[in-house]
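Pasting in a structure now, in structure tokens, and then I'll have a few things to ask.
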Amino acid sequence: MLVNIQSYAYSHDEGRITVASPTDQSQRYQRGWQRLIEVDAEAGERVLESLKDVAPDLGRYVVEFAYGEIYQRPVLDLRQRQLVTISALTTLGGAEPQLEVHINAGLNVGLTAPEVVEAILHCIPYTGFPRVLNAIFVAKRVFEERAVDPLTDQG
Amino acid sequence: MLVNIQSYAYSHDEGRITVASPTDQSQRYQRGWQRLIEVDAEAGERVLESLKDVAPDLGRYVVEFAYGEIYQRPVLDLRQRQLVTISALTTLGGAEPQLEVHINAGLNVGLTAPEVVEAILHCIPYTGFPRVLNAIFVAKRVFEERAVDPLTDQG
Amino acid sequence: MLVNIQSYAYSHDEGRITVASPTDQSQRYQRGWQRLIEVDAEAGERVLESLKDVAPDLGRYVVEFAYGEIYQRPVLDLRQRQLVTISALTTLGGAEPQLEVHINAGLNVGLTAPEVVEAILHCIPYTGFPRVLNAIFVAKRVFEERAVDPLTDQG
Amino acid sequence: MLVNIQSYAYSHDEGRITVASPTDQSQRYQRGWQRLIEVDAEAGERVLESLKDVAPDLGRYVVEFAYGEIYQRPVLDLRQRQLVTISALTTLGGAEPQLEVHINAGLNVGLTAPEVVEAILHCIPYTGFPRVLNAIFVAKRVFEERAVDPLTDQG
Amino acid sequence: MLVNIQSYAYSHDEGRITVASPTDQSQRYQRGWQRLIEVDAEAGERVLESLKDVAPDLGRYVVEFAYGEIYQRPVLDLRQRQLVTISALTTLGGAEPQLEVHINAGLNVGLTAPEVVEAILHCIPYTGFPRVLNAIFVAKRVFEERAVDPLTDQG
Amino acid sequence: MLVNIQSYAYSHDEGRITVASPTDQSQRYQRGWQRLIEVDAEAGERVLESLKDVAPDLGRYVVEFAYGEIYQRPVLDLRQRQLVTISALTTLGGAEPQLEVHINAGLNVGLTAPEVVEAILHCIPYTGFPRVLNAIFVAKRVFEERAVDPLTDQG
């Protein structure tokens, strides 16, 4: 995986548009990348790969800022942070690809499938049924891919 | 407080538009009301009071559905539910009055001020700075009213 | 259809997470289910079926709260309620599956295709062209499936 | 009122930025203005007045396009159009000033206060409680200003 | 192309619902149509074609109001207007089809691919990563269709 | 002003929650702060000041990420970036305080008042009249405070 980090960092360094000094970047980038692969390595690689020919800096900001800064913060643990993320993405709407990533991430860091379902259902009074239905159908697909049963899963 | 419950239930029964049978209503309504006063009694009373001359059933639905159904559900505890709520309301935008209620509610059920702040800051990558700034300024006002210091509070 | 109601109610009773007493549930659930099949039986069954392995309570809330409470209310008739629903879903955005259900529902309760189109076009000044274009293309698909011509249909 | 139309049209003609020919404009503008004063003369004048020093063409587009085109359309009557408008503005959120105008407009064209309340409450399942609460409090203020009681008003 | 304008205008004249006088319409419509084909002829035709059997007036309003009024305005040139449009559609969310049209339009009027990417990335602090990721993936598809490399393109 | 930077950096260093190394922070922070004071010094100071007792890291992220990264990027100049920002905030809705900051910022970096107005009006077809009206009234207030006339101002 170290190899992958290097190659991504390299492909980003090749980008036409670079403002961070190599040293500055590599610290925050590597810290973010470590957190990202802890949370969802496969989706992380896939997103960075898909961005590298169009907007590599967008991938860099996701790694450096979202994972290198926000996901490094104390006070809330990773499971609480995924509850907050799932609620934000459910409410935002139109963010089904990101919701899929973060439902997987939630399960990866220890949320149970029923906890994911509960976080989504809890949004009903605040964001209404359509956003919640869309989010639940994303969760259903993730659960099927991982062969998890949200009605019996105990984590 | 029991007296208040009764009087509210009564004023709702007087409403022109009633579909639930008294028995059905009183069970779910009282279950919801108990949860609501556990979470934020003062705001609950204030909202129901302000609705009773314009749309008392809206108050009834908040009590019966949001608090009598959703907030009764298992799997997530009340602190986790307030993290999810704060994230949803921050992301929704334009919901500052409701955010004020639920930041208070979060503190009432045991979230610390730093946990409230973290839940809001965690939304930056998903909903951007403007929504997060608006939410933080609501939190600031709540903390000042309660004389809580979010930089030193340990819960 | 009675058989289906029973089987759905049964599968929900099997659910791990149940808060309503059977009597309470069956009254509101059956009242809601009657309204739901009056409005759009096929979509109702399909949505409940798709939820039953992931979040059966979400289907129950749709039936009990949306159809057992809100759609039972007086003052506005079912056609007016579908105009309001179509406007809300057009404006919300990202709710194309729900919009498809409710455009069908609108036609089922007596709205003409031109009335559906007008409700969507009326949203242009409030929500802009993109949301309205997306909604019109959903309507177009529904009209084609039902072989209705919105330019000549008289209801 | 005719005098006012003339003076507004005049002040718009003075605007630095004008693309419509006088004849084209005056037809659609006057048609729109007639509809606007039919719906809510006072708010219409107030909005146009407040725009005339900053963006008079915005006022012109509201008159020409919203009222001169959309509100001229057949199939739905003015009361149905205000139901659709109230739903759109409730769902949009952050549009309280416009909601105030259109709740007044709804009452002006013959909606009863209970119909306005019902249109807003009907949005709960689609847009959640916060948007609906905000809209109901706008309605409450309008009802108070007009001394209308939404619990007893029969239109 | 003149032929197409005529045939579209004709099919619209056949529409059941017509409020503009032929003269009024043809002036603004033709002015708008000229601007539309200057900006994105292919998408313009495709959208109007797809609307003509369901809501031809929606296509007419896009041509007359969006392109015949707004896009005729002075002060900002077409490239600046496409920057503003791309930002609005990125932020709105759920408007991927319209974003595809306007990224093409931006390139057609002289924006470079890197300028399109920058306009989208600039929205990160205001609307968050999910909306920006969705928009960038639309841009990626457009760039691929046009065989443009956003990392080396100089316009 | 240097003195102010130092004191803010200092108060942030005192924050309980710090992840960036001092060197890393001071580079990006100072780079961002220079850009921020170039764009809108007064609002920048006011926002950071108001955050320092509740969430100083939020102010730090605004400086480091928004101004230290995004606003440092090439390809679009500061005036183009403010056009994009004004469009994003108009469309987002409920971001009036941030819109006020960025309309001021736009004027500070060389946009004329008519250009600000045009950027807002250009959003009408995409986001509808209510968001545009709200944004124009913010612009009107800013123009009045700065004694700028948007109908005659030539920059």
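Going by the order they are written in, the chains are A, B, C, D, E and F; count residues from 1 in each one.
Basically, a residue touches a chain if its C-beta (ideal position, glycine included) is under 8 Å from a C-beta of that chain, and two chains touch if they have at least 3 such contacts.
Predicted model, so just to flag it, every value in this text is computed and none were measured.
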Shared interface numbering between chain F and chain C [over half = same, under half = different]: same
Option reproducing the contacts of A-E, where over half of them reappear, out of B-E, D-F or B-C: D-F
Euclidean distance of C-alpha centroids - chain E vs chain F, Å: 28
Centroid distance [mean C-alpha coordinates] between chain C and chain A, Å: 32
Sites on chain B at which at least two other chains make contact: 17, 57, 61-62, 65-66, 73, 75, 89, 92-95, 98, 114, 117, 121, 124-130
Touch-based graph of the chains, sorted into line, ring, star, complete or other: complete
Residue ranges of chain F touching chain B (in the complex, touch as defined): 15-17, 47, 50-51, 53-58, 61-62, 66, 89, 92-95, 97-98
Chain E - residues contacting chain D, complex: 17, 19-21, 24, 27-28, 57, 61, 65, 69, 72-75
Chain A - residues contacting chain C, complex: 93-94, 114, 117, 120-121, 124, 128-134, 136-137, 139-140, 143, 149-152
Chain E residues within the chain F interface of the complex: 62, 65-66, 70, 73-76, 80-81, 83-92, 95, 98, 112, 114-115, 117-119, 121-127
Of all residues in chain E, those that touch chain B in their complex: 124-130
